[in-house]
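Just below is one structure, and these are the notes that go with it.
Labels A, B and C are assigned to the chains in the order they are written; within every chain, residues are numbered from 1.
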Amino acid sequence: MNSGQEDFIVQFVGVQKSYDGETLVVKDLNLNVQRGEFLTMLGPSGSGKTTVLMMLAGFEVPTHGEILLNGQPINNVPPHKRGIGMVFQNYALFPHMTIAENLAFPLQVRRMGKAEAEEKVNRALSMVRLDGFGNRRPAQLSGGQQQRVAVARALVFEPELVLMDEPLGALDKNLREEMQFEIKHIHDSLGVSVVYVTHDQSEALTMSNRIAVFDDGVIQQLATPPTLYEEPENAFVAAFIGENNRLTGRITGTNGNSCTVELDSGGTVEALAVNIAGQGEKTTLSLRPERVLINPPQDKYPNTFEAKVEELIYLGDHIRTRINFAGNDQFVVKVPNAQGHAIIDEGGSVRVGWAMEDCRALDAS
Amino acid sequence: MAEATLDQGDLMRTADGTPLKISIARAMRRNKLKALALIAPLFVFILFSFLIPIIDMSLRSVDNSVIPDVLPNTVAALADWDGEGLPPEEAFAALAADMKAGRESRDIGKVATRLNYELSGMRGTVMGTARRIASVDEGPYQEALIKANKDWSDPATWKLLKRLSSPYTMGYYLNAVDMRFDVDGNIEAQPDFRQIYVDLFLRTFWMSILITGLTILLGYPIAHLMATLPLRYSNLLMILVLLPFWTSLLVRTTAWIVMLQSEGVLNDLLVWVGVFSDDARPQLVYNKIGTIVAMTHILLPFMVLPLYSVMKTIPPSYMRAARSLGANQFTAFVRIYMPQTLSGIGAGSILVFILAIGYYITPALVGGTSGTLISNQIAYHMQQSLNWGLAAALGVILLATVIALYFLYNRIVGVDKMKLG
Amino acid sequence: MKNTLRYTTVGLAGAVTMAFAFSAQAVELGVVSWGGAYTASQLKAYHQPYMKANSDVTLNSIDYSGGLAEVRAQSEAGNVTWDLVDVVVSDAIRGCDEGLFMEIDHDEMLAKAPDGTPPSKDFLEGTLSDCFIPQIIYSTAFAYRTDAFKGEQPKTMADVFNLEKFPGKRTLQRAPINNLEWALIADGVPAKDVYEVLDTPEGVDRAFAKLDTIKDEVIWWTEGAVPAQLLADGEVVFGTGYNGRLFSAIEEEKQPLAIIWDGQVLDIDGWAIPSGGKHKDEVLEFVKFATDTQRLADQAKYISYGPARNSSLPLVGKHAELGIDMAPHMPTKYADQGFLTDFQWWADNRDELNERFEAWLQQ
């Protein structure tokens, strides 16, 4: 891996895509993927992320703009000459071939010698811990095993770049988490660049170096997982990543990096001005449930309120507390099940508060 | 009760002491009866409308009961005859008696017809003799019969009768493969100018194979298109494919005659374009070409539908996966797509092939001499010559071939993999 | 074995027949014929007048395509639903031999001629046989396209086989019957000697040898409607056909065709009564009516087939719709140019010659 920001394996330059000539599925995409990076495109279905992946793989042609691979434009290069490995949503293992034949396929079409191909196939199999499964048919394997074969097949011809299109979507939760780590380890050990598409935010947070959050054909935010979670730049990202208390209001005053917001439901809150239009305009406040404190020390925080406790759900490591705050009864607070935590009664009254920096004033959405 | 339980050791029992296995069987029996009752109507229908007629028809291919039934005395009298020279007077007397009785019961015509299958002219011999012998009341019958028809002085006539004494015969099957019994009962080939069935069987098979191949060639791209196009267009295509089903077979076949005949649409077009001169129009119908074209068209849907149903289940991601792994369009198609459609090709082929070898209306109308099939001969013997024994023998051979092919298919491809749509 | 088929069919058909038997007090007769213009002529000449006069009888007209297969199947199943069948004479004879048809005493059961001549004398000579009631004389003859040849037009059977003088495709029935006779006539055998020659192996060889000379130019037909169509489309210049169909092509459809009466093969078509039917008396009553002198002459008003009775011939009038005098279109008028087919000879030799003919076609 070369040092320096300029070593991009993939560059999207002003890429647009439309299927019907009326609406744009991808609107003016500019995105650079660094060599060796694990970049995830995260977004709800229909957000354009899969279209971007298909354009990169060569199965769709950009309506406008250019895609560069290693600095070379590839708009007119057919898929099989791009040398990009790909893992599909339902694995797309060839059902009429054995596992070994599946793995050998990319090597055969590259006219690799038989002995060399066999060795590579065996190595790939042991990489995904499936030694001895070579003679089975895909249908004889479990979902997780099939998934590992699909990954091995995309990597066996040693591509510089691997695309993965919701590869874990069909697996159950435990297996999915296990596979997330496995893929992550393979990425780390091989140093291959990965562009990964998913709609599962925890998957994205677990695996990625950077995440591009897609919505409505546009990248809403491109950042590392911690930045994305802690410093969402707009209301969509805040709502899409992690749990989020959402309050709407109007800006009544600004002071440096903070602002004063009058809530629609009544009450005034001090918030960090991140993405606001200006005084008198509407804004959405975003506040993570774990950043809300019960019975905060007096006068330490500018925002302290009395609230009514609506519901308590015991979740072991924390107690999920739904309170009615300023007319908003969906306001959630996570109370850690720590030594000496506050005792709260359902139906009772409680005082909550938070730091100004934890409450982010974003666009009105 | 308790003692009994102990006696039978650790046999599992229900609460009231009935052995568990018996209880289960009892509970299952009711379900089985219900299932049986559901399929019973279909089973009875198939039994009476299909199985029994087929078995009955097949038995006719070996049935020779008419000779022993109508000529019982003759058969008995000939049993001891050594086949040298003419049989003794008792045989002549027996035949005369049988013929009188047969003429009375109007069964003698069946004997005449049966014997005529084996030896042309026997019909006239038997009918004429029966007519004349009716007025003869006393012997010697040898003289009377020979006077009635001189064929009875020929030992070959009597050998034929003796050979046909058994209620069963191989004669129809021999006939169906262009063989026959000679005068002494040895099997020999038919003379050249009567050999038709083996050639027709072979032609039927190779033309059916050819037609099956053509339907694959033509149907594969259509099915592929239907499986990959958006629903709106694929529905339209599906209607176009099924359209032929909505018109009668006869209309479709006649339409092909209009298209292909030498003054027909296609020839006019070819002459107009200048491919052929007006006086050298190619003969495209009333020959093999006509049969192949019309049958390929008519049977095409039977290939397209199974192919389509298989192709629809193949997600586009397989082709994409192959291409992303470095295979060009052609390699991906041949190595990844085609093998997965094999079950559809197999199902379509077996369907088209079986339909093709049994086709007879279309070949009869457009086949001329070189394009008719074995089923046209079967139809001829069913409807015109009334030689049902030969028709049955030809049919059984055809049926046996189809069954053999089916088992072969099952061995190679596996019927469970067959998808019909 | 035959019983199995019988029981099944009886079992299935029983309920249906019972329903009919109880529902209708009046008698319903199933009358089977060839369909098309031919059945239409029968309906007008026989069925409709008869039903008008006998309101308790209903005649159900059923179409079939010839042959004895259905008759035999019904007989074997023991459930004869066809009461009367229109058959060609050769089938009548074979059916009679097999006991499928009832024997007829013509003088006893049929109507006398108006002058009192008994039926056995009134029906044309050689047309009666045991189970058969003659109805019409039809012929199979060649027709040619009148626009195909400039100058001399074909007139004889020899012309039909002369490819040099009259080039072009011909269509013939795909069967040895008639074709062998025609080949011999074209080869110079007088019509009256044809069957004598055919009865020898050399004669058959000779007939096939003559057919060989035109084989490459022949389209063989199996369905009766085909030759007229091929002639009309200009696909062939000569074609064999039943004279009735040729008549309607020439006179009704105004096709440019003409009939060559030379070598025409006369054949007889008529009624046969399947044995084992349930309405024997009613059927005989109808047949007696339908084959009397006037009725047979009436049929010629609707179709150009000749009546099988001598006494009917003078009564043949004009075509009911076209107004054409029908007498010149009766094949019987040209009987001396053709010959009557020999049913007995064909009954004996048909199986073998069919195989030989098919084998010859394939060569």
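Note that a contact is a pair of C-beta atoms (placed from the backbone, for glycine too) under 8 Å apart; a residue touches a chain by one contact, two chains touch by 3 or more.
Keep in mind the model is a prediction, meaning the values are calculated, not measured.
Q: With chain centres set to the mean of the C-alpha atoms, which chain is at the far end from subunit C?
A: Taking each chain's C-alpha mean as its centre, the farthest from subunit C is A.
Q: Two chains share more C-beta contact pairs than any other pair here; which two are they?
A: Highest contact count belongs to chains B-C.
Q: Could you tell me the distance, in whole angstrom, between the mean C-alpha positions of subunit A and subunit B?
A: Centre-to-centre distance between subunit A and subunit B: 65 Å.
Q: Distance-wise, how many Å sit between the C-alpha centres of subunit A and subunit C, to the nearest whole number?
A: Distance between chain centres: 88 Å.
Q: Go ahead and note the Å separation of the Cα centroids belonging to subunit B and subunit C.
A: Spacing between the chain centres: roughly 31 Å.
Q: Multi-chain contacts only, two chains or more: what residues does subunit B have there?
A: If we look for residues of subunit B contacting two or more partner chains, we find none.
Q: Spell out the residues on subunit B that touch subunit A in their complex, using ranges where they run on.
A: Its residues touching subunit A are 315, 317-318, 320-329, 331-332, 335-336, 339-340, 342.
Q: Once bound in the complex, which stretches of subunit B touch subunit C?
A: So the residues of subunit B touching subunit C come out as 48, 52-53, 55-56, 59-60, 63, 65, 105-110, 112-113, 116-117, 120-124, 127, 190, 192-196, 199, 261-264, 286, 364-365, 368-370, 377, 380, 382-388.
Q: For the complex, give me every residue of subunit C touching subunit B.
A: Its residues touching subunit B are 1-2, 4-5, 8, 11-12, 65-69, 72, 94, 96-99, 169, 174, 219-220, 222-223, 226, 233-235, 344, 347-356, 358-362.
Q: Quick one: which bits of subunit A touch subunit B in the complex? Just the residue numbers, please.
A: 57-59, 78-80, 82-86, 88-90, 92, 94-96, 105-106, 109-110, 153-154, 157, 163
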